[in-house]
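Structure below; questions to follow.
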Amino acid sequence: MNTGDEMTTTTRAQDPIEASIDPSPATLPPRIVPVGPGRTADDARTGSPDVAGVAAMPKVAAEAVSITYGTKLAVRDVSLEVPERSILALIGPSGSGKSTFLRCFNRMNDLIPGARVTGQVRLDGIGLMDPDVSVVELRRRVGMVFQRPNPFPMSIYDNVAYGPRRRGASDRAQLDELVERSLTRAALWTEVKDDLRRKSGLALSGGQQQRLCIARVLATEPEVILMDEPASALDPISTLRVEELMRELRELYTIIIVTHNMQQAARVSDRTAFFNMGEDRAGYLVELDDTRTLFTNPKNQLTEDYVSGRFG
Amino acid sequence: MAVVGEAAGLAGLHVRPALRDRLDLPRRVVFLAAASMVAIVFVLLGFIAWQGVQLFVQNGYPIGSVISTTWSPQDAPISFGVLPFVAGTIGVTGVAVLISAPLSIGLALFLSEVAPRWARAVVQPALEIFVGIPSVVWGWLGLTILVPFLRTNLNGLGFTLGFSWFAGSLVLSIMILPTITTITYDAFRAVPQDLRTGSLALGTTRWQTIRHILLPAARAGTLTAIVLGLTRAAGEALAVQMVIGNRPTMPTSLTQPMTTLTSQITLDMGNTVFGAPDNNVLWTMGLILLAISMIAVLLIRKLNRSGGRR
Amino acid sequence: MSAPSQARGALRGTSGRTIVADRAATVVLWALGGFVLLLLGAIILHFVIASIGVVSPSFIFGDPSDTELGGVGPLLWNSVYMLVLAMLIAVPLGILAGIYMSEYAGDNRVTDTIRFAEEAISSVPSIVVGLFGLIAFVNLTHWGFTALGGALALTLFNLPLMARLSEQALRAVPADERSASLALGATKWQTIRHVVLPLAIPGIVTGIILTAGRVFGEAAALLFTAGLSTPTGYNFGNLNIFDPKSPWSPFRPATTLSVYIWKTNSEGLSQFAAQIGDGASALLLGSVLIFNLGARFLGRILTRRLTAA
């Protein structure tokens, strides 16, 4: 669980309602964010220093994002910000557009015929919907772990080295080291180190496969990791391991995780966003708050009903 | 009462099935229809094998006599070397596949990975029409368009091309294009979508995903397609015969006329007397063709098994 | 611990080697799609142009001639005749075999053997099928070159295709339909006959037409079974099917249009060989298009009617 100390590093008190009706953030220049989340860590890695020491730029932000499939509105007008090195959990009933929304942070919606995203999504203030953004580079910086583990039909080693190799990494020693580091961080190293090259990624158990997929993402050295119900296909023990892993990863990465499991959201995340389906069956953001606040003292009746298990 | 009812019910279930049901005539009939294919294979193999060895049995030629590069069925010294034909078949087929395989695999990739729905809706029917175009029509096109074109337009390159190995391979490559394309396409479609999204989400380009995920995953299917293309090309008779020049010597150059097993059978079967050595050797060639196609069938089975296991 | 050198490009911008390679590949793949369409378009256009001044009613229905352009009437007739004859044998047999493979075949050696035979026959080169026909239906039977011999040879190499297409069509029928019928107490055969088969009809019809297109264009298997003579002067009033002179008789040589194209070229007797070849090829190509469109059209109509009913 998060300690109070950890909590100070993350946002508080940004009224979710206010966030969702934020007037026109899309028109703002990238580096000046009026209501920035309080933040401590400086960050040389992303090169985004605090502006005038007043407010730090959020790592990722969605500004009035709406997403349609053909004519069906799936996500309506969602705005939110995620501070660097924190975990945001997205919860909500099935069909409320969580996965759809998550996919706009690495533009995976581009791959779905008929899907259209409006609004703006920002990474370090850069508008990701801009036409000159390289989705390939974007997806290297914003990794994704899927609901169903999807290791490639190749050895464990090749699975992890896949991303770096595609970026031109070929030095054997460096790759070896990167693979070991990524697998270690994904808490899989000790289990697989003896047959890294012989064993196929497909020959692992479900939980191991998912950790392999996480290692695969870590090896591409992303800044943000998106996880869409990463533990839903796993048994309780594997789930616990993956959750443990997420808490460790929080030290280094910004993470957005979709989960149906409210205990999981409570256990791993700093902040939680509750999505719901409106009358028109389009998903929207109801409330976003500190995880603890959202679960213990939600502002919105719908949220309260949902987290207390009265619907959903 | 209850007891009686139960007894009656049981009796009903235990009644001896009617004779009609016991015979299950429909089952027997459909089985015979399916099994007829097995019979056909045996009879066909038997007949062709029987006639294919008559050169050695009936005409008394030693088996080694056909393993020669000299074809001289009429002029002494008579020699029935079939190697020019075997080499020709292998050569023309091999080059055809070398041309066709990259094009077909690319086309399959286009259809499965790149083409929007409308483009697929146009290209796929076009390919189906290609499959349906009879081989004599391909031969006719080769004869009246391709060969004159090669002859008049490529002379500047320093060699003459007309009826040639190259012309034969080119015609064949177009003929097998739809075969290889469709089967490879199916293999690509069978690759789980998860793998594509997984790769793309790691920040790779579509081409990298194709090269490093899709092609390896569809390897068995692609090989099957290529073997089928090879078989089809090796067995093709008329189209090849019409453009290849039919010179019964070992193939020397892509620009020169050559011959194949099928061409020779097509040309000479009607001009020789059944049972004579120069006729029987044609049956030997037929047997070789049949053996090639049977080996291909076995190979494809093997490929499919190994592909299915993974 | 030093990280390996992973090139980190700018988030904005669309250059870089991998991106360029991706673009290039996309262009090449599109070009291939375009190539196929262009090639088909060019072939069709070529035959449209080539048939101008050649294909006319007198060409389609007239007799061949050595001294003038003549026609291909009897050859076209033979093609159609052989087609019907071959399909009369192959279609029922193929459907029955398909029923066995889809409805009865278990996962055992017998099925495996039949499946293997199916694949084996499909891959026998058609010229070898012709050779087999020469022994089986010409020499052994003492029939000589006959339409029936040719049709039997055609049946042989179409049977596996017909069987497979029927099997596929039957397998596509949802399992629910079968269990619903069986649950009502229908026997297996009643279920197949009254539930499964009707639902598979659109697929089977499409299969029949595609097979028919193949039969119509086949030549190599017919060279040594149906013969290479040039027929003239068919008297369609002669309905005696046992009279070898009657165009209705299966026991007469029957050169088809495809065989005729090859023969015209290889024998080169007529000074009009080029026009005849072009015209006949155009007719063949036209039939292919008709078969193809017909299969699509009929398949769609039947599906609509059956699903609506």
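Note that the chains are named A, B and C in the order they appear, and that numbering of residues resets to 1 at the start of each chain.
We take it that a contact is a pair of C-beta atoms (placed from the backbone, for glycine too) under 8 Å apart; a residue touches a chain by one contact, two chains touch by 3 or more.
This structure is a prediction, so every number in the text was calculated from the model and none was measured.
Chain contacts in this assembly form a complete graph, since each chain touches every other chain. Comparing each chain's Cα centroid with the centroid of every protein Cα atom identifies chain B as the most central. Of all chain pairs, the one joined by the greatest number of contacting C-beta pairs is B-C.
Distance from the subunit A centre to the subunit B centre is 51 Å, each centre being the mean of its Cα atoms.
Inter-chain centre distance (subunit B to subunit C, centres taken as mean C-alpha positions): 15 Å.
In this assembly, the C-alpha centroid of subunit A lies 55 Å from the C-alpha centroid of subunit C.
Among the residues of subunit A, those touching two or more other chains are numbered 136-138, 140-141, 166-167, 220. Contact of a single residue of subunit B with at least two other chains is seen at positions 204-205, 208. The residues of subunit C that reach two or more other chains are 18-19, listed in rising order.
Only residues 123-124, 126, 130, 132-134, 136-138, 140-141, 164, 166-169, 171, 174-175, 177-178, 181, 220-221 of subunit A touch subunit C when the two sit together in their complex.
Across the complex, subunit A is touched by residues 117, 192, 194-195, 197-205, 208, 212-213, 216-217, 310 of subunit B.
Contacts from subunit C toward subunit A in the complex involve residues 1-14, 16-19. Interface residues of subunit B, counted against subunit C in their complex, comprise 21, 24, 26-27, 29-38, 40-41, 43-44, 47-48, 51, 103, 106-107, 109-111, 113-115, 119, 122-123, 125-130, 132-137, 139-141, 143-145, 174, 177, 204-208, 210, 228, 231, 234-238, 242, 262, 265-267, 269-270, 274, 283, 286, 289-290, 293-294, 296-297, 300-301. Those residues of subunit A whose C-beta lies close enough to touch subunit B in the complex are 106, 108, 111, 113, 136-141, 143-144, 146, 148, 150-154, 162-163, 166-167, 213, 216-217, 220.
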